[in-house]
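Per-chain residue numbering starts at 1, and chain names A, B, C and D are given in the order in which the chains are listed.
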Amino acid sequence: MIEFLAAAIRIATPLALAALGGILSERAGVFAVGLEGMMLAGAFAAAIGAWATSEPIAGLLLAPLGGGVIGLAVAIVAVRFRADNMVTGLAVNVLALGLTSYLMRILASGGRPVSMRLPLLTALPIPALSDLPVIGPLLFAQPPLTYLTALGCLLMTLFLNRTQAGLTLRATGENPEAVFASGGHPARVRMLAVIACGAVAGLGGAVLTLQQVGTFTDGMTGGRGYMALAALIVGRWTPWGAAAACLVFGAAEAFELRLQSFGVPVSSYVVQMAPYLIALTVLAGLGQSSKLPAAIGQPLPSTR
Amino acid sequence: MSDAAPAADQTARLQTRRLRLRRDGLGSRIGVALLLSLLCAAALIALAGHNPLEAFLAIVQGAVGSQHQIGASLNRTTPYLLSGAGVALCFRAGIINIGAEGQIAVGGAGAAAAALALAGAPSLVAIPLALVGGALAGSLWAGLAAAIHLGRGVHEVLVTLLLNFIALLLVQQLLAGPLGQPGAGFLQSSLMPRSAWLSHLAGFDVHAGILIAVVAAAALSFVLWWTRFGFALRVSGSSRLAAAYAGFSLARLTWGAMLTAGALAGLAGGIEVLGMHRRLIEGFSLGFGFKAVTVALLGAMEPLAVVPAALFVGLLESGSLAMQRQIGVPTALITVIEGLTMLFVLAATAARR
Amino acid sequence: MTLKVSHRWGGSLAASLFASLFQAAPPAAAEEKAAMLLPGSINDQSWNALGYSILLALKPHGFTTAYTENVADSDEAEALRGYATQGYNIVMGHSGRFVSAMEQVAPDFPKTQFIAVSGNEGAAPNVMSIDWNNAQFGCQLGVLAARMSKSKMVAGVYGLEGVPNITAQAGGFRICATKAGAKVSILYVKDMEDSAAAKEAALSLIAQGADVITGKLNAAEAGLVQAAKEKHVYVTGRGVDQTKMAPDAVLTNIVEDWPAMFGKTADEVKAGKLFGNFVQYGYDTAPVTGGSLVYDADKPFNPVVPAAVVKELDDMAGQFKAGTLKVEPTREDARGGS
Amino acid sequence: MSMMLDMRGIVRRFGHVVANDAIDLDVAAGEIVGLLGENGSGKSTLMKVLFGMLPPDAGTISFRGQPLTGHTPAAAMAAGIAMIHQHFMLVDAMTVAENVMLGWRDAGRLLRRKEMADRIRDVSRRFGLDLDPDARVAALSLGRRQRVEILKAILRNAELLVLDEPTSNLASAEVAELLTVLRRLRQEGKGIIFISHKLPEVLEICDKVVVLRAGRVTGRTSVAGASQGMLAEMMIGRDVTAPRPPMVASSPGPARLSVKDFLAPGLARLSFEIRRGEIFGVAGVDGNGQIELVEALAGLRPAGSGAITIDGHDVTRASVAARLTRGLAYMPADRGTTALVKTMSVAENLMLRDSGRPPYGHGLLLTRGPANAKARALMADYDIRARDPSFIAGRLSGGNQQKIVVARELDRRPAVLIAHQAAWGLDPGATHFVLDRMLALREAGAAILYVSSELEEVLAISDRIAVMARGGFAGIVPRGEVDPRQLGIWMAGRAA
């Protein structure tokens, strides 16, 4: 059981970080369909940083930059040029996939394969706490980015509810006119929010490279950005809610792996549908009750 | 109606069509966007230490360098054209359907199942029925998305996306089970009966799919501009309030657009199976969904303009293989170009909205 | 097959005119050339990287080489044709999935040898598949795992359930590990390239008590090794690189000897011979066995493997060679679950 | 007494239209100035100029002795001017406190929630605002929401408050509360500009009144000694009862549109009939249920209870399409996104609601040839000035756009026409044209519901006039018996 929960936490971590970023973007009023690309770019930048310096910490520093670049692209096209948010998100996902693969080869000089063995961020047990039964190993012996995710949920909650900037950001997603009337700059808020979204989601990608597998491969995010997007909707655009939804998705995937080993009479392909079916069922169950930020996806008037 | 009206209206119609494409300088804006993305690509090629001109030349050669290659490029264009036209129709109506990938996959499976079941039937029966099977399957999958979207209010992007993942697994399951070829070296169905193969056009190594696709795009354009349904779609895509005011049912329009797009994507899957692979094979639809979106955008959501857009992507991809073969520029570059093109076109076409 | 060669010359005037504008210079005739199509990226540090190494291994046989990576299913036929048109003698596809496309293209290029790496069928007179005997090596890994397991629970992680060479290795593993007294659990993951997901799968198996993990994945194989390294259980890998990742955890790797498997064929193709069959290498085709178990450059196994076990495995190899031992796994043997 | 605000000779043009023509306005501390005027008289333009949202073409503004030129809304706010819009600039999903803190420096980068809540309670008590800082705005009544805006202004040390139509959305009890709040503000030495049409309120609360009509100041008086009638005349003009088109008294036939005990959200119970050959005009300040009424009749909002019949057929729950076949035409006020599809051509907009009928369509198909011919004919008939039927509607002037709507809805020869703000934003010529067409339709026997906040228009063409206030009719009067003072009183929300 502990192991099952631990698995859920591990699977949820990159999703939750990405979802945290997505909350910034969506609460500012821009659909976060680009999470997949931001994660991938973050994973790539993290790998490059760690590979070039042999220091995972360098990767950690570079990851937000990678994701942020994709965020910047979304900000320019979707906010500045007021293009459709959804399609812009899809476009940067394609771009990130292509760009990371291509740059990977350039770095490997002339297209030869790079064998990237990255130093991994290892678990940092918190003294005393990690010795607690059950929750000790589960919660207090985690690698740094997992702590960061939990911390991120806390900080994000505080940011959104307790700071002027967070207040302005939320208001921009609800009623940009009110922000403008109170002397704010909705377009600037949205652009910054989307770029920050990229940076945080980039860290989510770094979880994969720096904390879980220690290498970068093409398209290694494999749809996790989309799951994070679903999670933040299920979690109603709140950090803890999204994290909880990610845990549910993580649990669904962990359950899927365990279900196979019970030897169910259907093939692995059917079992593998489980996480998607669960996500779809939860979304359908929420139905229209999941209220979007009021002004999401609506371009700002061009004068502002 | 006056006597002179028909002739006058003929010219007016032509003008309308031309205007529509030239409106806001849309055509030239898309042109500039394409140019910009190619410039970026050139920079990336140079970064990799290759000569951009040489690489582009290789792409052109690979795409249209011989009769055969022209044919190959057209074959490549076919699924993009079909699914892209369907996606364009949905976009027109303001429905963001990114489920083409799943619909193509399921459509391919539907066509393969039908063709295998029709072994022994003459081509004239087998091919149309198999294609109808594909279209029906694709429609069904899109209909499922529409039902969840309309019935439960889940955003169509999420529904179609999640259904893509499920569709791919479903096809794998079919290939590992009932549709699989026993003893094959890979997840694939048996070879389709020869009577179900799409025939090639004389003189070119191009299967009849491209004709079907062009006809379908033309038909879709007709639907969009010459039918009440198309009119309603365009109205609802521009303003949902106006659509309600005009007395159109948004739900019914969503069903119509999704089922049509699903049928076209399913048809694309069927054509891939009957014309290219001649069997259902694992992963045959990978990446088509996003291409459909690219193509729809490039084509400014006008089914007829999707034809050159699909051709562009088809030529680009078919040429890219030659580029890697001859110069060694990684094919990932093509994905970069597609992503950049989407972004630039989005920025260029949204600026005037 | 349906392509009529004559059509290639009978097209419209405009098209040929257009074509001639872009036609590349005709390839020099005497050169021996080999090309490889890879389904994934050569950067996956696993299956596709291996494919790339096969290609490089043909250089000593006098071939100049080229490759195309990330070939999508829908591009396969075109990519094969592209190389064949350019006069490549050998055009390889690095997966069983290429057989279908080769079957279609081959008749137009009767002088080109098409080879599907790890396919399991010959198709046309010039389409062959080469693979190694997954069942034999899977079986050996099964015995090794069972002997090294303290919990007597061993596990394998695979992708693409139902593909024959996967069935062979996973099934062989289960048959022989079960015979050697261990409980076997097999898991299929959705994506053979997703190492994070594969690692999670391995961790779930370890959590259920498995203490030796094996598998046949591509980029995702690294995830298995990473999981074993973290949880201090044994694992088998797919190349000496993976020993370097976790020298304590890796028991051995199946190192596929594609250069040897290809070398002979390549030489004969150069001499003008063509093949249309399925060649499966194994202990019974020695000296080229198609693969071997390698820990690092000079050792087949991790030093922790007791001599008795090493001997047992050697004996098995001998029995395979002599034909006294045969493993023929079925889909049922390779089923997911325990 | 030195003036707090001093606006001198403000001129602002939009194209050929002079929205503000040399307007002077001054406000002293502790003074409430009423700014009166019909819709389109130039009040909002003047306020936008004051608030820095539009630069004036000529004129000066000085505020507390400092000149304000080329300023932004932010600078206006910083100087101490606060604008309370008719449409509140509030975030519904947030609490009162959050709305107050939004964009306010004093709230701190790290929000001092507790301190703010205390200050809100404090000010709320002092000015009688009665606001709970933790209440969610979405759950508040409109009156409360308005007080949130006032609270924001007070907390930000605004010296001059501009209230734009502050009572138009309020219930009468709330109006009284608002006036109490304003008196408190006056006591505290704030200057207030009170923009309204509503004479009784203006007389009750203001110290002096400035009246605008057609961009000019037509009256300037202290309230002491002013009467409603006098203000109404300044505001509306003297010739209100003179019909522009000569009208023959109609001989009304049987009822074509009948509404019985109709009740829907935003509406008080309504019963009325419009007969054959009759124009029934509905006047009143915007936001008193007009949009709810016309959309319910048009089938765009679900009906509550009661019955609507057209020529005896019950259409209470009929779809838009079914109402169309019964002969109901509708010209919505929202030209931009409802009545027109701006990205589509003139021809397509002309067939928007008739695409299934000849000459526009036949069965499932559109018949473009006949449709284009028809479009040309309509363009000629209705003087729609576009190059050809394929011209994009959104590129036409507002007048030409409205003519498309008029042409489409009238050409159907409807049994019943609902026209909402049908002449809004049109120049006099175009207005005249539209009104003429309606009169022609009336002659042809249709029943017309003409809803507008432009009193002159309503008076010009209606056979009977109703004034809408608070979701119901404050009074109905036949054309011959119109008394402008009485109308003004009704518009202010006093039932007859």
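Keep in mind that, in the parts below, a residue touches a chain if its C-beta (ideal position, glycine included) is under 8 Å from a C-beta of that chain, and two chains touch if they have at least 3 such contacts.
Owing to the predicted nature of the structure, the values given are computational and were not obtained by experimental measurement.
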Tell me which chains count as touching both chain B and chain D. A
Using mean CA coordinates as chain centres, what's the gap between chain A and chain B in Å? 30
How many Å are there between the centre of chain B and the centre of chain C, using C-alpha atoms for each centre? 34
I'd like the Å distance between the centres of chain A and chain C, where a centre is the mean of that chain's Cα atoms. 34
Quick one: chain A and chain D, Cα centre-to-centre, how many Å? 46
Two or more partner chains touched - positions in chain C: 41, 70, 161-162, 190
If I count partner chains per residue in chain A, which residues reach a count of at least 2? 101, 105, 111, 218, 267, 269, 272
Can you identify all of the chain pairs that touch? A-B, A-C, A-D, B-C, B-D
Chain D contacts chain B in the complex at 298, 300, 319-321, 324, 330, 332, 334, 337-345, 348, 351-353, 355-356, 359, 361, 364-366, 368-370, 372-373, 388-390, 392
Which chain A residues qualify as touching chain C in the complex? 3-4, 6-7, 10-11, 14, 101, 104-105, 108, 111-117, 120, 208, 212-215, 217-220, 222, 253-254, 257-258, 260-264, 267-269, 271-272
Touch list for chain B against partner chain D, complex: 1-2, 5-6, 9, 12-13, 15-16, 19, 23, 225-232, 234-235, 238-239, 241-242, 244-247
Touching chain A in the complex, chain D uses residues 73-74, 77, 83, 85, 89-94, 98-99, 101-104, 107-111, 113
In the complex with chain D, residue positions of chain A that touch it: 161-165, 167-168, 170-171, 174-175, 177-184, 293-294
